[in-house]
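Same chain, two partners: chain A is paired with chain B first, then with chain C.
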Partner chain A sequence: MKAPWHADDDLLTRYVHGTVGPLDGVSLEQHLTGCADCRVRIATHVDVAPLELVWTRVREQVQAPAPSLVERLLTRFGVSEPDARIVAVAPSLRTSWLLGLAVTLGFVGLGTANGGTRGLTFFLLVAPLVPVAGVAFAYGPDVDPSYEVSVAVPYSAARLLLLRTAAVLATSLPLVLMAALLVPGLSWTAVSWLLPALAFTAVILAVSTWTRPTFAGVGLGIAWACVVGTAALDRDPYAVLAPTPLLVYAATGIAAALVLRLRIRRLTPLGSLS
Partner chain B sequence: MTAATTVELTGITKKYRGTTALDAIDLAFQPGITGLLGPNGAGKTTLLRIIATVLSPDAGEVRLLGRTPATPDELAQVRRQLGYQPQEMGFPRAFTGFGFVDYMAVLKEWTARAPRHNEVRRVLDLVDLGEVATKRVRTLSGGQRRRVALAQALLGDPHLMLLDEPTTGVDPEQRVSLRQVLSRAGERSTVLLSTHQTEDVAALCDRVVVLDQGRVRFDGAVQDLVATAAGRVWLADAPDPAARASWRTGTGKHRNVGEVAPSGSERTEPTLEDAYLLLLGDRALTTEVAA
Partner chain C sequence: MQTDPAREDPELLTAVAGGDLGAMRVLYDRHAPWLSARLTRRCNSPEAVADVLQDTFVAVWKGAERWRGDGEVAAWLWGIAIRRLVSRLRGRREVLVLPLEEVVAARAPQASAEEMVLLGVEYGDLGAALQRLSPDMRAVVQATVLDGLTTREAARLLGIPANTAKTRLHRAKAQLRQNLTEGLA
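Let's look at the complex of A and B:
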């Protein structure tokens, strides 16, 4: 139905500023529902900036994703919001991975406490490889479906990998240490596995400058399984943490750290994808 | 190199296990939209990957935006002005459209949250995804996922945009909308558009490069390529067995693209697709293995 009259500018201005009387206000509102011309005219009297600000805030509340548990923890420990965002995307830093790791290590711990030599062997096999698996699943084309496009960005791949590695160590080592508390007698074994774990972490980072972290992780896993398996066959799994092997791990870790320092800017080239 | 040249490729060669994807390519690009056409395996994706700095050539020199991206610092400088949409793009699990573009914005050094989120909203609105920004990317349609991929490439209005099949799977209405976005981008940036859609090239591009078996078969204005088909496209009542390609049109007439006029035919205006078919011959209809 065509509106029989149009509101004048004075009425529209007073309405927008809230100075119109209640009767005129109701009348104008009723009129506006049926008069497109007056709706267009009143829009010119409205300052849209506050409305846009409100609308932007509404969209922000609705659209911006809530930070994950890992992101919240990282920011609580002083990591910046953008870095926490980037770190938390790694599959090995998701809540589901950490929960799975906790359950796995719970079983490993129980096996260590009650499984005798076989249980201890299992602990020695798993403990140093936990951070290795975390790093292997933190970066690279095998674990990041958007890897190709995330290579073509200015953010430093070295910084990204090191941040994620630090987060992996910070989340996984305490869990392994808790499992290690179940090692019978709380011997030196409960902490000495940390040395090969850190050495292997340095090795996977160094090797990642040549090939994919997953390849490096699988290689390390096989090599470590052979070492532990050989010691277990000799009925002396503690041998892998004897002073001489510990020195070898330390030397290997230092060498890997030096290699990483020299080659950190040459992380896995995408060329290996094709 | 002229002042306006933003991409300069000299002798670019890339091989995959003995298959030559690019064979000593020399190309230069300036601001504007250039279409890359070619059959599967022609080398389009490899070319874009090299320009996107995610793949190194086996031989040749790449200069982008006046820099040689050989050192990490030069590489970062180039990447700050680069928008790249790969041909196939996955999305990390559980990401919403907004979340993914926001993640990419962080990787592109948008550190302050408020301006970053404003930019994310801007590019999502540009590709008409504002209303589904809170949905998980994996629940979106193929066309919507392509638009999420395009949105991240638009972040920050980069000077160099590399788009590999940006309109694949996008419905016609959205395709027109995306053309408007891309044409605006082409006014200030160098946009390289790899596509199988000749109509997109005809609608958007100032220039077209046709690749075949890793080599440049044509490089010039779109109308110049179309002109090569003038006098070689006919409408007839029956298909011509001697034609390069022949198909029945909606009018009931058969469109014959070839060198010789079929009997009883009438000459018609060529399209870019006709010219492309004539240029590549049977290879335009085949599929190769290399990227």
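Let's look at the complex of A and C:
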């Protein structure tokens, strides 16, 4: 549409300040859609400062790296964007970690599906340690790429560790549960390993108030491997999930949770230096 | 903020689709001011307008290649902006949409000669016929016919049930038709 007239400055001013009648407004709007000259002229009537602010935000948003899968999931579940970013930056929450975990568990599950105590032993060895490894690789000077930054900013170390632990549990436990479904006729086992898994998570969190999570994770891994190994030597790997050991895990977990509760304030970004 | 004849809007959009932030800046300077003014007439919260403007240009950055290459870039941008406004306002009661006719009630009694000329140029008799619609109906006509929303989107923008918007649009059309035929007679 070729517009035979152009808006005058008075009309533009009144339009921008909202004091123009609806029909003048509507006329001008339809005209603006087709007239580049009037669009340039109306710009001189619009306050530049807010537009510059918006431009800064646009630029930052389009230049920011695309949020990772975990980050998008976290924001979907109501975690704020800055929290999601700082949580998802942990190595054990990267897509590559989760992919590796899925593949590993796939092999473990298939090994178990083929039957025999060896596959089962392997599953029992790996499953409760998955969240432990996740937490060990979620926090601390050894593994956290944002560690230097987190030392320098006033962000609660406890909050960071707990948020990341929750994210690790939420992403890794479903994967392990799916792997457990590959195990034929083991519905009871598939659930009861959750108890040591959660107990160990509590333990690693509690120990992290003294030392680095990686050390705690390695220690726990060795201890659990000894337990499962001993049971396997007796040709009865199921023994580690007998009622008595389950009670022991539960007691350990509760004790660790209490210790964590008492010492959580001691958790500094410097970890071992506390 | 000069219109650079060497780089027309479609050309800029092609550059933006290729990740050219400089072209994006030119496009922003050219279109953000009028978009912001037009959005402000539909929503009285400066924060909401800023958010919508941001969303709009982020959407342009991501979807520049989706521009089909026909028609006005400005019209395409407005289509994005008004829909972003609709989704921004969804479920948020604290952001009030300006009743478009609020101002009118004060000034409408007689349109100045200048206004009549303006409307005559742009719409002919339609302008006068629009003037005679009730504010409610005019808001729906504006949102659907002029802003290019569906009745469902218009209802969300105006905070009324979809069926009400549909009914009002229907009645407005009938009334416009009648007013225009009377004008011819």
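Just so we're on the same page, the second predicted complex is superposed on the first by the 203 of 274 C-alpha atoms of A that agree within 3 Å, B and C clash if a C-alpha of one lies under 4 Å from a C-alpha of the other, contacts with A are read in each partner's own complex, and residues count from 1 in each chain.
FYI, a contact is a pair of C-beta atoms (placed from the backbone, for glycine too) under 8 Å apart; a residue touches a chain by one contact, two chains touch by 3 or more.
Predicted, not measured: the structure shown is a model, and the values here were computed from it.
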If you stack the two complexes on chain A, which partner ends up touching A:I254: first (chain B), second (chain C), both, or neither?
neither
Examine A:A43 and indicate which partner it touches, taking first as chain B and second as chain C; both and neither are also allowed.
second
Does chain B (first) or chain C (second) touch A:R265, or do both, or does neither?
first
Chain B or chain C: which reaches more residues on chain A?
C
Can A:W5 be said to touch chain B (first), chain C (second), both, or neither?
second
For A:E81, is the partner it touches chain B (first), chain C (second), both, or none of the two (neither)?
first
Per the contact definition in the header, classify A:V151: touching chain B only (first), chain C only (second), both, or neither.
first
Which of chain B and chain C A:Q63 touches, first, second, both or neither
both
Which partner does A:A225 reach: the first (chain B), the second (chain C), both, or neither?
neither
Touching both chain C and chain B, counted on chain A across the two superposed complexes:
59, 62-63
Considering the complex alone, what residue numbers of chain C touch chain A?
1-3, 21, 24-25, 28-34, 36-38, 40-41, 46, 50, 53-54, 57-58, 61-62, 72, 74-75, 78, 98, 100-101, 103-104, 107-108, 111, 115, 118-119, 121-123, 127, 130-131, 138, 142, 146
Hey, which residues of chain A end up touching chain C in the complex?
4-5, 11, 15-16, 18-27, 29-34, 36-37, 39-40, 42-46, 50-51, 53-55, 57-59, 61-63
Spell out the residues on chain A that touch chain B in their complex, using ranges where they run on.
56, 59-60, 62-65, 80-82, 85-86, 89, 91, 144-146, 148-156, 265, 269-271, 274
Chain B contacts chain A in the complex at 16, 46, 49, 52-56, 72, 76-77, 79-80, 82, 84-86, 89-93, 95-96, 98-100, 102-104, 106-111, 113, 117-118, 121, 133-134, 149, 152, 291
